[in-house]
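Multiple structures follow.
Consider the two complexes below, in which chain A is the common component and chain B and chain C are the respective partners.
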Partner chain A sequence: MVASNTIDRGRTLLREQPVLALAGVAGAVLVLDLLARLAGVEVPLVGDRTFGGSLGMGRFGGLLWNGIIVGLIFGLAGIGLSMTYSILNFANFSHGDLVTTGAFTGWGAALLVAGWGVADVGHLLLVRPGSGANPNEIGASIAQAPLSILIGAAVAAVATVVVAVAIDRAVYKPMRDRGGIALLIASIGVALALRYVIQFVYGSRNRGVTSTQDVNATVLGITIDLHEATLVLVAAGLMLGMHLMLQRTKLGKAMRAMADNKDLALVTGIPTERVVTATWVLGGALAGVAGYLYVLERGTIEFNLGWFLLLFIFAAVILGGIGSIYGAIAGGFVIGFVHEVSLIWVPSDFNAAAAFTIMILVLLYRPQGLFGGVTTA
Partner chain B sequence: MSADGSNDPDADAPGPDAEGPSADGPADLAAYLRAEVAATDFRIVVATMLAVYALFAVFTLLAGGGLNTLGSTWVRLTFLFAAYAILSLALNLHWGYTGLFNIGVAGFMGVGVYTMAVLSTPPDAISGMGLGLPLPVGIVGGMLAAALVGLVAAVPALRLRADYLAIVTLGLSEIIRLTLNSATLSGWTIATFGFGTGGGSGIDLPARPTDALLDTVVGTALVDVLDPTITASVLRRSLWVLVMIGFVIGIYVLLARVGNSPFGRVLKAIREDELVAQSLGKDTRWFKIKVFMLGCALMGLGGILWQGSQGYVSPDSFRPIVTFYVFVAVIIGGSGSNTGSLVGSILFVGLLFEGPRTFGNIVSNAVSLPSAPGTFAGAVAPLASLDVTPLLSYLVGNISAFRFILLGVVLILIIQKRPDGVLGHRTETAAAIDLDRPAANGGGNDE
Partner chain C sequence: MSGDDTPSTEGVSAKRDPTATAPENALLRVRDLDAGYGDLQILTDVVLDVGDGEYVTIVGPNGAGKSTVMKTVFGLTTYMDGTITFQGSEIHRLPPERIIHEGISYVPQNENVFGSLTVEENLEMGAYILDEVPEERIEAVYDRFPVLRERRDQKAGTMSGGQRQMVAMGRALMLDPDLLLLDEPSAGLAPDLVDDMFDRIDAINDDGTAVLMVEQNAKTALRRCDRGYVLAQGENSYTDTGDRLLADERVRQQFLGG
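Moving on, here comes the complex of A and B:
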């Protein structure tokens, strides 16, 4: 009885959403293939293609860990994007450049504190724009100068908030009553202007930032990168804080109300303009810290960094369902895993394309997101 | 040339009101000139173009360039006008006419150019490999491939909300670029035929067909006559630019006819309110698919004529920024107006794309600034002692970044203050025949 019900449901799915069914089958095949690889089973197919193969548990674990790391970054930055999307009703294409803003301002402060006296202030504050003291001489790492890393994170948040709120006042506020597309176009303008202001000030060189001395520590026999551990702790802490804020405080309730139904929120007396500002403050701070942590993990910084992340962040937000911060976090993990684990099957120049393909498929066949259309923060 | 103005469709000749009040003061003269220029769309485009030419003539003379430099500058400008005009006409068909927010222009260009390259590049090319088929086959193939990719994207995507469509098309264009950039596909061969895309190192392209014209008897004679003043390379490029202008005119006429046809009226209805169009019994989905494919084919063609005409192309030419350039051109001109797209392309190329760089060159030549400091800190620190020259030379040295900032700010200002662009406010008559009553005193021009 149960089995026939399942078969019936399968038939309906096949008839009504053939592509979704196909995607399900493809996913199942990939999971089986993954299990076969992990078990070391190899079944020859056509030519030199095989089903299964060999994949060490260590490599798989490494890919999963990388997936968690990038997933946290996508999710953290995605929270802000998701909030502006649901509360202000537009896709903010300048969100990636807010991420870059946080990365540069935060690392400027971190290097200034860590390398005080080692190099001149301009060199440190502009995050090593030219030749000068190298990252190991400056010594900005969580092992050597933990205080500087924390100060940098705080500065990244504050500076990005200032920039985000200023942009809102100058660009988006006069356009509050306009449609989503007009705001989207304006945000493309903001993205261009902001990115190249950053290039103008900080230069276009892709350079190393963090010191790599003593960042590997062995805990209980497992070697962990302290920078990655910091990233996981800070990101998880911020996400938890976001959750508490939204569920326990009045501001959180007001934001959820506004995301749900703006007119009703206005009628109820919620100060919408203040909620909008709070949205930019929270979203900007998280975006800035996400950019800062991303640089902490990868060690290098450039002015295009956030722009390259933007589509992944969009992918995470869309996957989780626009408007839901939990969706953005979960979507971040899914996209992170797709980005890293897909390396088992596709060459490394296609893993980004794989993540974008997932995003497009979700938009096309399940636009409310994977986790059912919760559009409330 | 006139299509979407409310004027006489083919009024290239001065209208009856051209002999209006005689100019007796400067104010009258200005108003008179403005009315004269605005009389037909053709004149608007030509006047804008002449103004930009004149501006660059001044720039070139200030920089001390001769006739050949001037010719070279004008040819480069016209080349870019034509390239952006084709792309913005195609985008205007999507966005301005039908309301489809497609920001994957660069991807569709890439599909067109690479298909053309794989079909028409000789098999023995240094970088990348091709089948060596005749060029027209490659061009038609490129347009078809772009249209097919458009079809694949359009069938599911066109029922999405506008902002979702934007993200899907941007994602698609990045997937296309990453695929072209991939090392895996760079040397793909089937039997003896190569389909290699060349990966990140790009692909060689067939030569421009017009280049062969200069090798004929007439061509060499022409080169010999002009040689000291206009060099052969400028002449070679200008011949190709003429071909491109031909394509611009052709596409303009095509789109004007599409816009004025019953088909075009349905497109505008979809843009204004899709539900109404559906209620009137129009299968809007099918209309949108058709127009999306047509626009994508034109984007492929635009890519081929532009990026495909330079002997070599790499995936870097199809970054999303190219899409935004085209978007700025359409927005400046005013979405929904074909003439606006032409004017927007000219203004974008002249004032935003080429203008700042040329201006920066002139300033750096004229003022003999000290060499630019390497970093922003080096530029700002002397401000403490009221020394602004390092900042100035840093600004001139980084004029390319400044250009993008200007672009972003202009985009924001236009969308805030004048979302209709230069010409988007005009009422469009969606009819192939002139709807104006024959006016007794020729007053058909006061919109």
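Moving on, here comes the complex of A and C:
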């Protein structure tokens, strides 16, 4: 009975949502394959293709850890994107370049503090290690110069806030009542302008900035990259702070109220322009810190890093349910995990495609996203 | 007597002069108001008064501009000409967030609660302009609408229409306003809840808050209020006490469906 019921339901699903049914089967096969690999079982199929194989627990754990790291970056940057979407009603394509802004301004400050006296001030501020002293000589790492890393994070936040609020005053505020499409297109223009200003000021070369000396520490027999650990702690702390701010403070409640219903917020006496400014301040700060932490983890910086991140950030935010910060965080983790864990099966050129495929599948099943329609802001 | 089809003011008990029965020291005084949306003018020479603690309704056919009068008082439309004074000071150029400070609160017709916020958070938002959340005002609202106290942590969007209307009114009462603007408070309510809603409005008015209300449910509204205005095509036609408007032949025929 139970079996025939299951088969019936399977048939209905196959008929009504064939893509989903197929995805379900594929997912089940992948999970079985993963378990087989972890158990070291290998069944030869056709040619050199096999079912299962061998995958060490260590490598699997490493992929999961990378998934957490990437997910935190996507989620942290996605919170601001989701907030501007829900409170200002437009998809901000310049958000990725705010991430880049934070990365460069933050690392300029971090290198300046860490490399004071070692290298030329101009080179440090413009994030150009190598022309003079190399990154290891400057020593910008959490192990060698923790203070410089924290100062860099603070500067990344503040500088990105200044840029975000200035752009809002100059471009978005005069267009406030124009509707989402006009603002979206304006934001693409802002994105291009911002990116090439960054390229003009900082140059287009991809370069290493962090020092890699002494950043690996062994805790309880597990080797941890201290830069990754810093990223996890700071990002998780900021997300928790955002949650408390939105739920507990008057400003946070006003932001949720405005995301919910702008007209009612206005007649209730909520100072809507102040809430908009607060949205840029918080969203900009998180975007800037996300860019800064991203560089801390990967070690290199270039002028279009935010633009390349933007697609993933959008994927995370849409997957989670655009407008919800909890959706952005959850979506970030889903995209991050898929991005990394899919490396078990696909070469690293294709793992981004796997992440977007998951986004499409989730949206087929839940068009409003994971948290969409549940709660705003 | 002109008992033919030529409209005449003779034989009509309601008065032509809209200010005729208005109180001497009006709380809200609207004079020759022109307003609309953008370039579109909706209201022409509207004259209206609300006395201290008075309960006034605006009735009229659909599209007469009833809601527009209310929105204009609250600074939500395009002001064109005329004056609106509240407690002696002109407010017709003020934005809504300043008008709230003057002592007027407004309950819109639709989507008048923050659905994703809890009941208590909705009330807190009503007092946003104060530095601290006035706990005693929240308690006063809970005393007025006890069901809201029971459901203080429930998301307002998950409540019934009648309860949502209570949340909306409670939010508007958080600042203890001198004048409460209500736009179609009975809209969307189940018929058996409509009387209950009007009882609650009576109670709010009895406690000293002046009420200016727009209602589609004209007969009930006129029966309940102190005074009514009949608005047609963006202009005042008559004002009188609610009972006398109800009894008026012209008003009955034109606006109340006979």
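Heads up, the rule we're going with is that the second predicted complex is superposed on the first by the 348 of 377 C-alpha atoms of A that agree within 3 Å, B and C clash if a C-alpha of one lies under 4 Å from a C-alpha of the other, contacts with A are read in each partner's own complex, and residues count from 1 in each chain.
The rule is short, and it goes like this: a contact is a pair of C-beta atoms (placed from the backbone, for glycine too) under 8 Å apart; a residue touches a chain by one contact, two chains touch by 3 or more.
Note that the structure is a prediction, hence the values are computed from the model and not measured.
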Contacts of A:151 with chain B and chain C, given as first, second, both or neither: neither
Which of chain B and chain C A:269 touches, first, second, both or neither: second
Dominant contact partner of chain A by residue count, chain C or chain B: B
Which superposed partner A:171 touches (first chain B, second chain C, both, neither): first
Which superposed partner A:257 touches (first chain B, second chain C, both, neither): second
Partner chain(s) touched by A:133 [first = chain B, second = chain C, both, neither]: neither
Which of chain B and chain C A:113 touches, first, second, both or neither: neither
Which of chain B and chain C A:224 touches, first, second, both or neither: neither
Chain A residues contacted in one complex by chain B, in the other by chain C: none
Touching residues on chain A, where the partner in the complex is chain B: 19, 90-91, 120-123, 125-126, 129-130, 171, 174-175, 178, 180-182, 184-186, 188-197, 199-204, 311, 314-315, 318, 347, 349-350, 352-353, 356-357, 359-360, 363-365, 367
Chain B to chain A touching residues, read off their complex: 101, 156-157, 160-164, 166-168, 170-172, 174-175, 178-179, 181-184, 324, 327, 331, 374-378, 380-381, 398, 401-402, 404-405, 407-412, 415-416, 419
Footprint of chain A on chain C - complex, ascending: 74, 76, 96-97, 100-101, 106, 108, 111-117, 121, 124-126, 128-129, 133, 171, 175
In the complex, chain A residues that touch chain C: 250, 253-254, 256-257, 259-261, 263-271, 375-377
